[in-house]
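What follows is subunit A paired twice: with subunit B in the first complex and subunit C in the second.
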Partner chain A sequence: MSLAIETRDLRYRPGNGFQISNLSMHVPRGALYGFLGPNGAGKTTTIRLLLGLLPAQAGRITVLGQTMPAEHVAVMSRTGYVPERPHVYPTLTVDEALRLHAAYHDRWDGAWAAELLRQFGLVGDRKVGALSKGETGKLMMLLALAQQPELLVLDEPTDGLDPVVRRDVLEALLEYVSTHQATVLISSHLVHELERICDWIAVMDRGAMIAELPMQEFKAGIKRLSVYNAPDQLTDVPFTVLRRTSFNGSGEQWLVRGWTDDMRDFFPAAGSTLREVIDLDLEDGFVELLRSFREVK
Partner chain B sequence: MFDRIDPRSPTPLYAQISTRLRVAIAAGELCPGDALPSVRQLAAQLRINPATVVQAYRDLEGEGLVATRHGAGTFVLDVTAQRRDVERTNEARRLVRELLAEAGRLGISAPDLRAAIDQELNGGED
Partner chain C sequence: MSQRPSQWRVLLETQWTWTRGILLLGSIVAFTVPLVSLETAAGAADAASAKEVAFIGTMQAWSIGYALTAAGIGLLIAIAAWSYDHRLRHVYALSLPIARWRYVLQRYTAGLALLALPTLALLAGAELAAHSAAVPATLHAYPLALTLRFAFATLVAYSIFFGISSATARTAGYVLGVIALIIIAQVVLSSAGSGVNVIGRVSDIVFATPGVLAVFSGRWTLIDV
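Now for the complex of A and B:
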């Protein structure tokens, strides 16, 4: 599998508190890679490390086959970046912002930029500083897309925007991806949105990567089981039990990871009964995974 | 046509899309020669990954229900009446499996379920 982004044993510690340690990340080429984590997990810091905006203290970063931060200029010319906070000069007009951005990007698609401007309902002679939050969000996505990048790094591109704007922005993104085979790394708290569009999912908490796998595997593998007469001591369990909680007498709820349907046989062999297998959606799976990770710590 | 696509369901999105199209072809909602929406259109409309649409179309192509003409799009093939019957039967069984699973969860016995189905078929009167 060819990777668009790869990090190995990445370490970053700005002070005495928060740190990123031994972070390994693998974003396959062509993936729509959803990057989840609670506030303060280190997602934005990780993104800034990937793009050479912060210096890592140890580890290796490869982006689009080139070493970061050494080849930062070459990488950034192939990468569209929507930062958490907009980085366009507020005193420029929208048209000026476009021209400035175009000057830095060889592959800038002026015709498509004009088309998106119209689609997004943005007015060329308005000052960037006078745009609404939604208009700013659309402008940021427009700038990132029109440079025709091979990689898009989007840090909460639609969080805090209204549903109509979110739809416009995502449609433009998906249209680009379906015609250009680009790789997308997208961080967001809008879990249901990621669930629709992503085929890979990564979960970060407290500076560590706690899951990274194809979306379908993530969703298929994490289940809540309703179990009766379970033994206290578990041996040779074919899946990972993240948590056990008991309810009404001999009944227990198990939260498990790495589940496949052929593992049902485990229960009669252990003298217990599997009553039900409950599917979790991405949000439930994400919350449960985080909770169990924190309990272990 | 894709109103009931549910990204939160454990059934993968590509399978939901291909199932929906299979049913539409079986029911004659889509006729031979009809074009499916382009990958780009459908991905943007449903706000899903284009790769998901590609996979759904590829599955239908493998089953001989549609054909992709390079550069032109994906079209519904002429399907025999017998084949449509098979697809309809498959869909009916899928619906029943769902119903049975849900009834099982709620502890409803097979005779009770059968009685309820008969009652509904007879106009829902007691």
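Now for the complex of A and C:
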């Protein structure tokens, strides 16, 4: 599998108690890679490390086959970035912001930028600082897309946007990805949004990567099981039990990971009964995964 | 939008947007100082018996005006060059596909180009003053020399403050800390009845000893022998 982003044993400690430790990340080329995590998990810091905006204290980062931060210029010429907070100079007009961005990006597509400007309903002579949150979000996405990047790194690009604007922004993104086969790393709190568009998912908490796998595998492998007469001690379990909670006397609910249907045979052999297998959506899986990770820690 | 503009040109445009107010004000002051200095010198000479001495003495008194104007313009243009990058934590600049040193150089030279405006204003003011006022016959006007000195002083002030403001907040803090320490030392010594003039000694070292900062001291005069 060819990777667009790869980190190995990444370490960063800013000195405020938070740290990123031994972070390894693998974003396949062409993937829509959803990056989930609660506030303060370290997603934005990780993204800044990936793009050379912060210096890692240890570890190795490769982006589009090039080493970061040593090859920062080459990488950033192929990468579109939408940061968590607007980063465009607020005193410029929209047209001036476009001109500035165009000057620094060799592959800038002026015609498409003009088309997106019209499509997003942005007015060229308005000051960036006077734009609404939704308009600013659109402008940032426009700048990232019109430079025709191979990789898009989007840090909460739709956070705080209304559903209509969010749909416009995501549609433009998906259209670009489908026509250019670009890789997208998108960090978001909006779990259902990622569930809809991403084919890979990574979950981060407290500076550590706690899951990274294809979306289908993530969704298919996390289940809630209703189990009766389960022994206290489990041996030779073919899946990972993340949580056990009792109900109705002899009944238990198990949150499991790595489940496949052929594992049902485990229960009769263990002297217990499996009554029900409940599918979890991404949000349930995400929440349960975080809970189990925090309990273990 | 079909043709990509040059990087330097768009940076110049952004800095122009941020500094045009300062440049306009600085240019007005730079244009006015030679005219006002000559006007007051002519007035002083009329009332004095030794006209040349009075004329030159009054002109020299305006040296501080030129030095402060040059330093002020250099300071403000340098701070303005980085103010929005600082406010946005340099995220935009750092995410551009350009080496940091090249970006800094582009910002520096764009600011430098803008300093031409107040310098030209001073030249215009000095030329106009030299040709319009009655100067004693034994004295001469040096508008070009004055302008060159002003340009150099502006360049020095701009370069120093550009260097400080392009660095991290911590570096700027160190510089301000040193200045604060000097002031505190002076206050403490003065209140203890000591006659030691710390600020005077430091300014002698910085401005009077041979070096680029010496441009701010000494005689700045449009009219001289």
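The definition used in the following text is that the second predicted complex is superposed on the first by the 296 of 297 C-alpha atoms of A that agree within 3 Å, B and C clash if a C-alpha of one lies under 4 Å from a C-alpha of the other, contacts with A are read in each partner's own complex, and residues count from 1 in each chain.
By our rule, a contact is a pair of C-beta atoms (placed from the backbone, for glycine too) under 8 Å apart; a residue touches a chain by one contact, two chains touch by 3 or more.
As the structure is a prediction and not an experimental result, all values here were calculated from the model.
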Touch count on subunit A, higher of subunit B and subunit C: C
Touched partner set for A:81, first subunit B, second subunit C, both or neither: second
Which superposed partner A:114 touches (first subunit B, second subunit C, both, neither): second
Touched partner set for A:291, first subunit B, second subunit C, both or neither: neither
Touching partner for A:99 - first (subunit B), second (subunit C), both, neither: second
Contacts of A:264 with subunit B and subunit C, given as first, second, both or neither: neither
Which superposed partner A:52 touches (first subunit B, second subunit C, both, neither): second
Footprint of subunit C on subunit A - complex, ascending: 51-53, 72-77, 81, 83, 85, 87-92, 95-96, 98-100, 102-105, 108, 110-111, 113-114
Touch list for subunit C against partner subunit A, complex: 1-7, 9-11, 13-14, 17-18, 84, 88, 91-92, 94-99
Subunit B residues within the subunit A interface of the complex: 7-10, 12-13, 39-40, 43-53, 105
Sites on subunit A touched by subunit B in the complex: 30, 32, 167, 170-171, 174-175, 177-179, 192-193, 195-199, 216, 219-220, 276, 279, 281-283
